[in-house]
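Right after this note come the structures.
Next come two complexes, and both contain chain A; in the first it sits with chain B, in the second with chain C.
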Partner chain A sequence: MIHKLIRPVTYCVLLLVALLIVSPILFMVVGSFKPDALVFAEAGTWKAFFPETWTFQNYSDVFARVDFARFMLNSLLITGTVVGGGLVVNAFAAYALARLRWRGRETVLGAVMVLLIIPFEAIAVPLFFGASSLGWRDTFSVQIIPFIANPFSIYLFYTYFLGIPEELEEAARVDGAGLLRIFIEIIIPNARPAFASVAILTFLVQWGFFLWPLLVTTDEMVRPLPVAIAAFYTLPPLQWGDILAFAVMMVSPILLVFLIFQRWFIRSVASSAIKG
Partner chain B sequence: MNGLHKVAMIDDKNAAYFFVAPALVGLILFIAVPFVLAVLLSVTNLHLGSPLPLEFVGLDQYRAAFADPEFQHALSNNFLFVVFVVPVQTALALFLALLVNSKIRGSVLYRIIFFMPVVFPMSLLAVVWILIYAPGPQGIMNSFLQFVSLGLWQPRDFLHDPQFALPAIMLMSIWQGTGFQMVIILAGLQSIPGQLYEAAALDRAGNWSQFWHVTLPQLRATLIFVVLLTTILAFRLFDQVQIMTHGGPNNATTTVMFEAVRTVFERQQVARGAAITVIFFVIVLVITLLQRRTMRNSGGAMR
Partner chain C sequence: MATVAFNHVTKAYTPGTNAVEDFTLAVEEGERIVLVGPSGCGKSTLLRMLAGLETVSGGEILIGGRVVNNLTPQQRNIAMVFQNYALYPHKTVRDNIAFPLRMLNVMKTERDERVLKTAQLLSLETVLEMKPGQLSGGQRQRVAMARAIVRDPDVFLMDEPLSNLDAKLRVKIRSEIARLQRRLGTTMLYVTHDQAEAMSLGHRVVIMREGRIQQVAEPQILYQRPANAFVADFIGNPGMNLFQSRLLGVDDGKCLLGFGDRQLSAPYPDDVRGERLETLLHQELLIGIRPEALVPRDEQGSTLIGRFEIDEAEPQGHEMLVYFSVPATVVHGNIDNLPAAQRMVARWPLTSTAKAGDRLDLAIKDGAIRLFDQNGNAL
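After this line comes the complex of A and B, so read on.
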């Protein structure tokens, strides 16, 4: 008797939770296409999800009120460089730690494990004053360079590289391949999941990074999206339709990438957490 | 992790230094040095704009921070956050992971939906949820609560109500973070050997009994890990507070990180702010060491 009920109950619960999780997102998307005045007025009614009139006005308003394209390009530039640079720099370091013999290897490995513990928030204050005294505020570099070397990425690569059979590299060495060639032709193709994980995790963190750009940017020319949306919310007049349109445009690229590569996203988040 | 592996390491020192140098320089300049500076700053009296000469003051800044009611409030808010959010979120994530893991149609779709809020930048969600928490009967949260309470709910101005502001931020954080934990727990669930369930089924163990005697003990390490990870995240709480309430009303939502930023950038008390970040670091350190210990003790359970 009870067994027969479990299945339908499971479906109902799943559907209910899914609705609760999706509704704020749906509200955001639908609201961005509603006439500005109605977004707030109808927020508590069914019309928040099923509007009577649709409009693109909010989207053109965003472009008229702020330089949205600039913020998007800034975010793409900063995130892209940190992800790309991080993949190269951290994978190289991890390879040296996992496969090469050199003085100080154990020390550096230990240091990486220690630095892994320090959250960014704990070093933000001195980093800010260091950057300020170098005249580094309101630049792209101050948002990029400090975040390329990452102990967590090194650790992820390191554990993955240890699991790659050494015979592959030995064979290449016998053929006379140099280290750089071994790295490119053997390590990279055999460690794709590690590269994907590091890329995805860095991307997620960097795309949403708020505290640091809030501290170091006052100039809109270098301002990334997370700070820009907070600033847009405080920019009078308060027009919720515009804010929601801003939010939808801000999240669409990442949502698109997530929906295409969802399997990889979920796998890298799960594996990173378990290994970290 | 402890260099246990025996590798035929390649002897190429120059290449090794060439490979490791860029990362090493970055780690030293942008993590190690600032961290040492934070500790050094915290034992001085540095206060921007103050005419006093720079002095070593020992642990005075720490004493002053702990004696400050505002910082005490921040600490207790972070602890409240841990006490409420961590158990609720973990239980919810476990529940969802179990549902998604059972053989049902569309489980991939549900997994995607539950995980979706995780990819949203927190600052964006904070702004959108200000609208969701809008005061008055038109506010979406207010009208939702009125609907489910059959009209008993009195509309609130959540983010300006000292009683409701922190719970409002907690609810939003649970909504955002549950999918993250669910995914980790799901990976834990999928690594439980199927034979254990087969054996339990042979013993005529029912669903509940299997859950208590197979699933939970096998998930122990994963759950401890998730709890400690979420605890660390709870102590890092900043974005939502900065955007949604700015610590208010009446410090009802201030947090340790928010206090650190406010102390340094609004009051120019650099040394005090540095001391607060060091306190924050010590909290994170203790939790991380606990985490590493449980992972080592559980050995095989955590892949």
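After this line comes the complex of A and C, so read on.
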């Protein structure tokens, strides 16, 4: 009898946990389509999730009150460049560490390992002074260049490249291919999961990056979404419907990326488990 | 096709320990050379040095009379088949075969033509659009061969290309490789640890051990006249029976040898001079006898050595291996550190009624013994 109950009870518990996790997101999405006054007025009732009236007013308010398109474009430009540039630079660096033999290789590899465990917050201030002395504040460069080379991405590529049989590259060398050709024709196609993982993880981290742009930007022309939403939150009048609409538009690219690359996403999370 | 020459080639991965030591060999155009030896003997290292995948620590390697020590693999015009085939898993069979031609900037029409021709030669036409993962082991092996021959290289290098196949397929593809090489006439260097493969494929076979050449000879010579005890034991399955002995006398084409607590008298090999033997009187020697040279007493042209008990009789399908307990200590040529034992093996026809526990008269075929000095070198 007890044995028969295990499965339904397990499902009930899982459902409850899932609801707990999903409900804030649902609250955000539904709230963004509700008249501003009702967002909190109905917060404790079923109407928080099943409203009687739907409106797009909050969305048009966001566009009317701030230059949302600019922030979105800034975020896309910064994240896209960091992801794209990161794939190239980190993959090359990892390949050099995994396959080429050169003086200082072990030292650089050790440095990459050490950098893995240093949190960004620890280097934010020195980096800020460095960027300031270069006159980079309020630029896209300051938000892009320091984040292209990434020890975690290098390490992920490095471990993946080590798993590709060396004989494949040797065969290509004997067949007449040079180093760059081997990288493009042999390594990249055989390391697609690593490229997907790095792209997804970099995208997620970069899209939500707050501290650094807050430190180095004051000009709205170069600010990304996370800083913009914080500013929007303090912009009077305080309208929760608008804030939720802003938040929905901000996370929608992440949801899109997640839905398209769901399979890869799970794999990349699994492969990044080593980071802890 | 081209000649290949190694002149005093040495390879040291770490200073002081040479993986290959003073290796000198000249390979003729169109010749099929097999490098064979136990694991770690340096045979693959040699092949990789020839391919340009390893640097040369000392000496010179020449392909077609040109020193290639400092040339990249792509500048050497060689093709290599790897142990695991190293097929590009993301490319179709067609693209795998076409890859070396693309690297040589061969025009697409000519490339397609050559790929198809090579595929036909190796019966791969039907799998051209498949990926390597969809192929059987034998097919993969043939794709690797096709990728090697499509560019018409000066030299083929094969690094244990059959070791991942089952025994039957290995024999079949072995003969296909020989046929293909004969037809193309391309110089081939082939590495294996399987002595049977070496004996059946090589025009000449190079036996290696601990980075040094032990003997270079045609397969028949290797078998009949091994240069040392190592070769004697390595070649043949089972290898030569080698036992410790002492030369007690030399007389009229025969030598008297200690055989444990007994003595045996047998004709010495015709390539050994009696005077040379006399200088070794009363010295320790190693005596070698091939299993097929140990025969039952009643056979013509043999010399009886005594009556011994059969320890084990193993039917092999077409023949039988009969192990005799003997009074002498039978050693091995230091292969795999096998312990010395007091038994010798004979290869007899399956029609023999010998069985474990029988005591039988045993004789040695005249002229079949080989003599080695205390260091294991053939006399």
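Everything below uses one rule, namely that the second predicted complex is superposed on the first by the 274 of 276 C-alpha atoms of A that agree within 3 Å, B and C clash if a C-alpha of one lies under 4 Å from a C-alpha of the other, contacts with A are read in each partner's own complex, and residues count from 1 in each chain.
Following the convention adopted for this analysis, contacts are C-beta pairs under 8 Å (C-beta built on N, C-alpha and C of every residue); 3 or more make two chains touch, one makes a residue touch a chain.
The shown structure was predicted, so the numbers you read here are calculated from the model rather than taken from an experiment.
Enquirer: What does the overlay on chain A give for chain B and chain C, a clash or a fit?
Expert: fit
Enquirer: Please work out whether A:109 is in contact with chain B alone, chain C alone, both, or neither, and reply first, second, both or neither.
Expert: first
Enquirer: If you stack the two complexes on chain A, which partner ends up touching A:190: first (chain B), second (chain C), both, or neither?
Expert: A:190 sits against chain C, while chain B stays out of touch.
Enquirer: According to the contact criterion defined above, which of chain B and chain C contacts more residues of chain A?
Expert: The partner making contact with more of chain A's residues is B.
Enquirer: Is A:130 touching the first partner chain B, the second partner chain C, both, or neither of them?
Expert: first
Enquirer: Could you look at A:235 and tell me whether it touches chain B, chain C, both or neither (first, second, both, neither)?
Expert: It touches nothing on chain B or chain C.
Enquirer: Check whether A:28 is in contact with chain B, with chain C, with both or with neither, and answer first, second, both or neither.
Expert: In the superposition, A:28 contacts chain B only.
Enquirer: Rounded to a multiple of 10, tell me what angle the C-alpha centres of chain B and chain C make at the one for chain A, in degrees.
Expert: Value: 90 degrees, nearest 10.
Enquirer: Per the contact definition in the header, classify A:14: touching chain B only (first), chain C only (second), both, or neither.
Expert: First partner only.
Enquirer: A:168 contacts which: chain B (first), chain C (second), both, neither?
Expert: It touches chain C, and chain B stays clear.
Enquirer: Based on the superposed arrangement, let me know which partner A:69 touches: chain B (first), chain C (second), both, or neither?
Expert: The answer is neither, since A:69 touches no partner chain.
Enquirer: By how many Å are the closest C-alpha atoms of chain B and chain C apart after the superposition?
Expert: Nearest C-alpha pair, chain B versus chain C: 7 Å apart.
Enquirer: Which residues would you name on chain A as touching chain B in one complex and chain C in the other?
Expert: Comparing the two interfaces on chain A, one with chain B and one with chain C, the shared residues are 170, 173.
Enquirer: Which chain A residues qualify as touching chain B in the complex?
Expert: Going through chain A, the ones touching chain B are 6-7, 10-11, 13-14, 17-18, 20-22, 24-25, 27-28, 31, 39-45, 48, 89-90, 92-93, 95-103, 105-106, 108-109, 111-113, 115, 117-119, 121-130, 145-149, 151, 154, 159, 162, 166, 169-170, 173, 179, 204, 207-208, 210-211, 214-215, 225-227, 229-230, 233, 240, 243-244, 247, 250-251, 254-255, 258-259, 262, 265-266, 269-271, 273-275.
Enquirer: Could you pull out which chain C residues touch chain A in their complex?
Expert: 51-53, 72-74, 78-80, 82-84, 86-90, 99-100, 103-104, 147, 151, 157
Enquirer: Within their complex, state which residues of chain A touch chain C.
Expert: The contact residues of chain A facing chain C are 165, 167-168, 170-178, 181, 185-186, 189-190.
Enquirer: Which stretch or stretches of chain B touch chain A in the complex?
Expert: 1, 3, 5, 7-13, 15-17, 19-20, 22-27, 29-35, 37-38, 41, 96, 99-100, 102, 104, 110-132, 134, 137-140, 142-144, 175, 179-180, 183-184, 186-188, 207, 222, 225-226, 229, 232, 236, 238-239, 242-243, 257, 260-261, 264-265, 270, 273-274, 277-278, 280-281, 284-285, 288, 302-303
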